[in-house]
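Going by the order they are written in, the chains are A, B, C and D; count residues from 1 in each one.
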Amino acid sequence: MASTFGERVQVSVFGESHGGGIGVVIDGLPAGVPISEETLYTFMARRKPGGSPFSTPRKESDRPTILSGLYEGHTTGFPLCATIGNTDTRSGDYKALADLPRPSHADYTAYLKWCGQADMRGGGHFSGRLTAPLCVAGGIALQILAQKGIFIGAHLQSVGSAQDIPYPMRPDVDTLLAPGKKAFPVCDDTAADAMQAEIKAAAKERDSVGGTIECMILGLPAGLGDPMFDGMENRIAGAIFGVPAIKGIEFGSGFACAAMRGSQCNDPFCIDENGDIATKTNHSGGIQGGITNGMPLRFRVAVKPTPSIGKPQQTVSLSKHTEETLVIQGRHDPCIAHRAVPVIEAVTALVILDMLAEL
Amino acid sequence: MASTFGERVQVSVFGESHGGGIGVVIDGLPAGVPISEETLYTFMARRKPGGSPFSTPRKESDRPTILSGLYEGHTTGFPLCATIGNTDTRSGDYKALADLPRPSHADYTAYLKWCGQADMRGGGHFSGRLTAPLCVAGGIALQILAQKGIFIGAHLQSVGSAQDIPYPMRPDVDTLLAPGKKAFPVCDDTAADAMQAEIKAAAKERDSVGGTIECMILGLPAGLGDPMFDGMENRIAGAIFGVPAIKGIEFGSGFACAAMRGSQCNDPFCIDENGDIATKTNHSGGIQGGITNGMPLRFRVAVKPTPSIGKPQQTVSLSKHTEETLVIQGRHDPCIAHRAVPVIEAVTALVILDMLAEL
Amino acid sequence: MASTFGERVQVSVFGESHGGGIGVVIDGLPAGVPISEETLYTFMARRKPGGSPFSTPRKESDRPTILSGLYEGHTTGFPLCATIGNTDTRSGDYKALADLPRPSHADYTAYLKWCGQADMRGGGHFSGRLTAPLCVAGGIALQILAQKGIFIGAHLQSVGSAQDIPYPMRPDVDTLLAPGKKAFPVCDDTAADAMQAEIKAAAKERDSVGGTIECMILGLPAGLGDPMFDGMENRIAGAIFGVPAIKGIEFGSGFACAAMRGSQCNDPFCIDENGDIATKTNHSGGIQGGITNGMPLRFRVAVKPTPSIGKPQQTVSLSKHTEETLVIQGRHDPCIAHRAVPVIEAVTALVILDMLAEL
Amino acid sequence: MASTFGERVQVSVFGESHGGGIGVVIDGLPAGVPISEETLYTFMARRKPGGSPFSTPRKESDRPTILSGLYEGHTTGFPLCATIGNTDTRSGDYKALADLPRPSHADYTAYLKWCGQADMRGGGHFSGRLTAPLCVAGGIALQILAQKGIFIGAHLQSVGSAQDIPYPMRPDVDTLLAPGKKAFPVCDDTAADAMQAEIKAAAKERDSVGGTIECMILGLPAGLGDPMFDGMENRIAGAIFGVPAIKGIEFGSGFACAAMRGSQCNDPFCIDENGDIATKTNHSGGIQGGITNGMPLRFRVAVKPTPSIGKPQQTVSLSKHTEETLVIQGRHDPCIAHRAVPVIEAVTALVILDMLAEL
């Protein structure tokens, strides 16, 4: 289904940018697991708009109401539903766009698919705002995973041409989670300056800029995943492309493998300092044949530049079938890659929780 | 399920490298569609081992027996089962490996997952040989799609550092399918020479080399796909990672988008020379919000170097828990990227046929 | 998933009897379809508690809040979420039961499955109250189907030993829908008296009574459904058993077929008065090989007596592992079969809408 | 999918009555489980045609070829494919029927669904012959379950008006499996005489007769199953209707519950002779809220009379749109209910194996 993913832990996202509210249902959570709402809100604050000069000024509390599935701080064993009200919606900004599809938005494809009948105000169900309920669900999943000793972290690896250092091959948990505790989610703080300079430069020109995110998982049991079409890569990629603006994903050394020799790319086995079987390198990203091998699971995603920019763009009039110039009003994020970092963690956590439920 | 994918057209692959046979069941095909077995064999010949000095000398006819689903050259409307016998299996080559997992193969993860109980002779169900039944299923799908005016083509875009030219932004069908008609699937024949030189150099050093593949789809109806988790990217990526050795996928300009400004990356709308709405560039790869926009659908995948190499490698003994040196006997493909080209076409065709069935 | 069903139109129910609220998400609705909220409320009123002396006095408005998926009276093309608040919950009535599972309720099996961790106040997620969101979803589905000329009706066929007449073999739409417009959903009003006498007699003895429901669908396209495991019977039965208290389902003449000869049970083909191919009898219930044949689709379900009764019953103490006597306090429906009639229509409508989406 | 069922253990059936062969793929079996082919053949012999004067004389060895998934008598952990050749197919018997659909067969609905394009010779994919691969898969599942202490048995409970005694409320394993070891699968041998008399009487009149089957499962873990749409009843019913000729299913006391009072129908809890919590009656059939309660799981199905009968029947000509008389040539089972007994066990075993995999 379009807005649903997962096999044993299923997540269903609903809502439109300018409707009554947005939210999520998670079916398949275990019963009796303690969940801290404060920890959840802290996590959600990481994707919140308005948190910095680098983000859209739309202000929303985004604090979810949990209708079911949680009772006295513990999961009930039944579907959890959380809703978030839409409070700051100025439809006027978008209405004029109905006839002039914004380049590289879903306006035109939605128009084709639903013959102009879908409610696309503010991007409708395609709005980046729908990542808020994903973060509710994922934030809960992260708490459950942490109780099992599984930790997921991510950081901005690049913005435009500015690069962060990658995670170490086998980081400890603190190193993994450190970027998520900073105002700007990087490993190396000097990278933050260069990245923010890229964002400011783009903003100044009423333009936007893209980025990449590196995500890593520690503590995963070895032997998780299935061959062929139900492997870790299939499941993670199948869900991650549900995050708006993601254009690519690579596991381990990914595209770089294509230029390597086998003798470079293969990960030799060794006995590590704890006496455990490990690999000396991790070009595989912790996965062989779709199944975890006990090394950190590592992948990278590409986030395209925010398609809403202030610069004039060429589009067409759907009613007149003519080429037109479009200037998008309102203010928009000059970069969404940093706000996408917790979303990537959230979706990854949901996939992992789902796969663990199959053990 | 591990070895199954698809919602309305479901493909189920079975078999082990050294078992009685391998094959595929396709459930959900339409009835009464003409299928040419000759065309199918021609397609399958493209992935066949032994076809060139660049491939493994294991010789198999790989000609499938179609048990059901096809009658007098037409689909019956019921599940199609095709089987392929295993005739040239020399288990001796592999048996010694049972205790010494090959680096960057699934030997070790399968050992962990199934506690040593899985039949991993010759790579078992993880063997690249399982791509033969995928090509049976995909070859049939390609014929059905062609009858609907939908064409899928792919070419080797790189091997090691040698690069082919990319497909044009809007190729005609002949240009799209040309690489698949060549002994070596490239657009620019001079690229073939450089690529083959890379493969020979690797082979000479008992090593292997990786590559990338560009795939494109022409003739797709606009408006195909769904928002969020059931979009074109989700569905294609979720299946493509079922092909062994794929480490990354990117749609349109993919990872390159991350370094772009929005004003470069956005695809402006225009009225094209046929009077149709189109985009002037195709960084989006023909997809917006998970839904096709009528432009060619375009993606690229990374294929890692064949993990079986003749060079000595470090591994561990599972029984003795010691580090050991492994020299893999037998001959193996120094590159599998060119043989993966029709497999990528096949899997893509199956995903598209499945998604069309939902229209 | 436990609380989710459907392939192309997916329904996800959430909430506990005594939690913050209950509700439903429907993913996969078409865009732009007019939905009347008044018609929906009229439909929902049919299952409402407190509507008659034959029902539980728990009073709830049960008027849903539609958060998404509906805009200005039309579906938006995106998931529809409706929530219903829980306003009249007196946990005290149930708390004592935690250690004494009620016979033929889910108390004991939930205790086993979730090790006592599930929130089972008031029956938790197993409560009959969860049929309210099912009626929201189904009421919307019924409106969409009616716009396509497909009508679903049901009536109480029996309560205890009191019987209603069956629907005619090929009723018109008015006859089909007539029971749903009455305070007590029967075809023959004299049957209502006998049924109500059975209910009153049971109530007087602090007991309850079961019943059967006949459901019929008119206007279904012929050729709908799939062979084997995805036929009309599979899909309907698979969903209908999600309605609490259903213990059996039969299609057409069902169990009566088992005592027939083939020459009686087979439905001979004929040309009917409109010149269409039809069958002279409908023991098949409008389905052959899982696929509709154009005759009315007809099935019957068995509803067990309400398990909550005022009479003393034998149970066990989970903590003391001793046999105990339980007297359930509070007032409960002496019969739920009549309130289940619209729920059966609702779930059936959702299954049909889902299957139509696959055409 | 039409010919596929299961979530974690997925069964995919293929083949047409008169095609090259039929078979099954099972994906999701555990690795390393011993499977006896002899035990499997003994099980399959129970559904074999030609075994008695009460069955069709079509003779087929029906001995499957196992292509994959089994190695040296143990499951490999990968998909198991078994094929069965079609050797005794006389298409002539059926060809004349193409224009004259047989009453209460799938001929007409298949004609509608596939516009006459499906291969319906001999009933095509709807043929009862497809239950042979179901028995291969189910026979393997039964062996795996037996190794876990779970046993499934079934017997003919009625043929026409002749009745067998029901299983005792809590039979031992020998009593459960006894009917399956007899030439005619009943509990009470005197019932066999009466049933066979009914079948002979029908056969003599070139007619057929239906029956009912009672199935029971011993040794199931308590707490298995899920609420609402994924309960034991949903899963079993959803699969069982994939067996041809099944028209109804009821769990526990089923339709009889509808005429009961709650005080009769509720199953009081008690401490049994082993000191375990049990219920004094089992009207619930071992299931509450979709979840097993530790009592035997019990259900009954209705099997309609074989639709192929020698008596003249009324049908229509699809080409001429006229009413015609049809006399079906060839010999057919006057009753299929006894041959359906092992098929019900097989499908039930597959559902249970699937649900256990989710624990």
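In the analysis below, a contact is a pair of C-beta atoms (placed from the backbone, for glycine too) under 8 Å apart; a residue touches a chain by one contact, two chains touch by 3 or more.
On a predicted model such as this, the values are computed, not experimentally measured, just so you know.
In summary, the chains found to touch both chain A and chain B are C, D. On a Cα centroid basis, the chain most remote from chain D in this structure is A. Once the centre of each chain is set as its mean CA position, chain B and chain D turn out to be 39 Å apart. As a whole-number value, the distance joining the C-alpha centres of chain C and chain D reads 27 Å. Annotation: 46 Å between the Cα-based centres of chain B and chain C.
Contact with two or more other chains is made by residues 1-4, 8, 13, 78, 110, 113, 125, 227 of chain D. Residues of chain D touching chain B in their complex: 1-4, 8, 10, 12-16, 19-23, 25, 27-28, 31-32, 65-69, 71, 74, 76-81, 83, 110, 113-115, 117-119, 124-125. Listed in rising order, the residues of chain C touching chain D in the complex are 1-5, 13, 101, 103-106, 108-110, 112-113, 125-126, 130, 158, 160-161, 202, 205, 207-212, 222-231, 233-235, 237-239, 241-242, 244, 246-271, 275, 277, 279-280, 283-285, 287-294, 302-309, 311, 313-316, 318, 321-323, 337. Interface residues of chain D, counted against chain A in their complex, comprise 7-8, 78, 227, 358.
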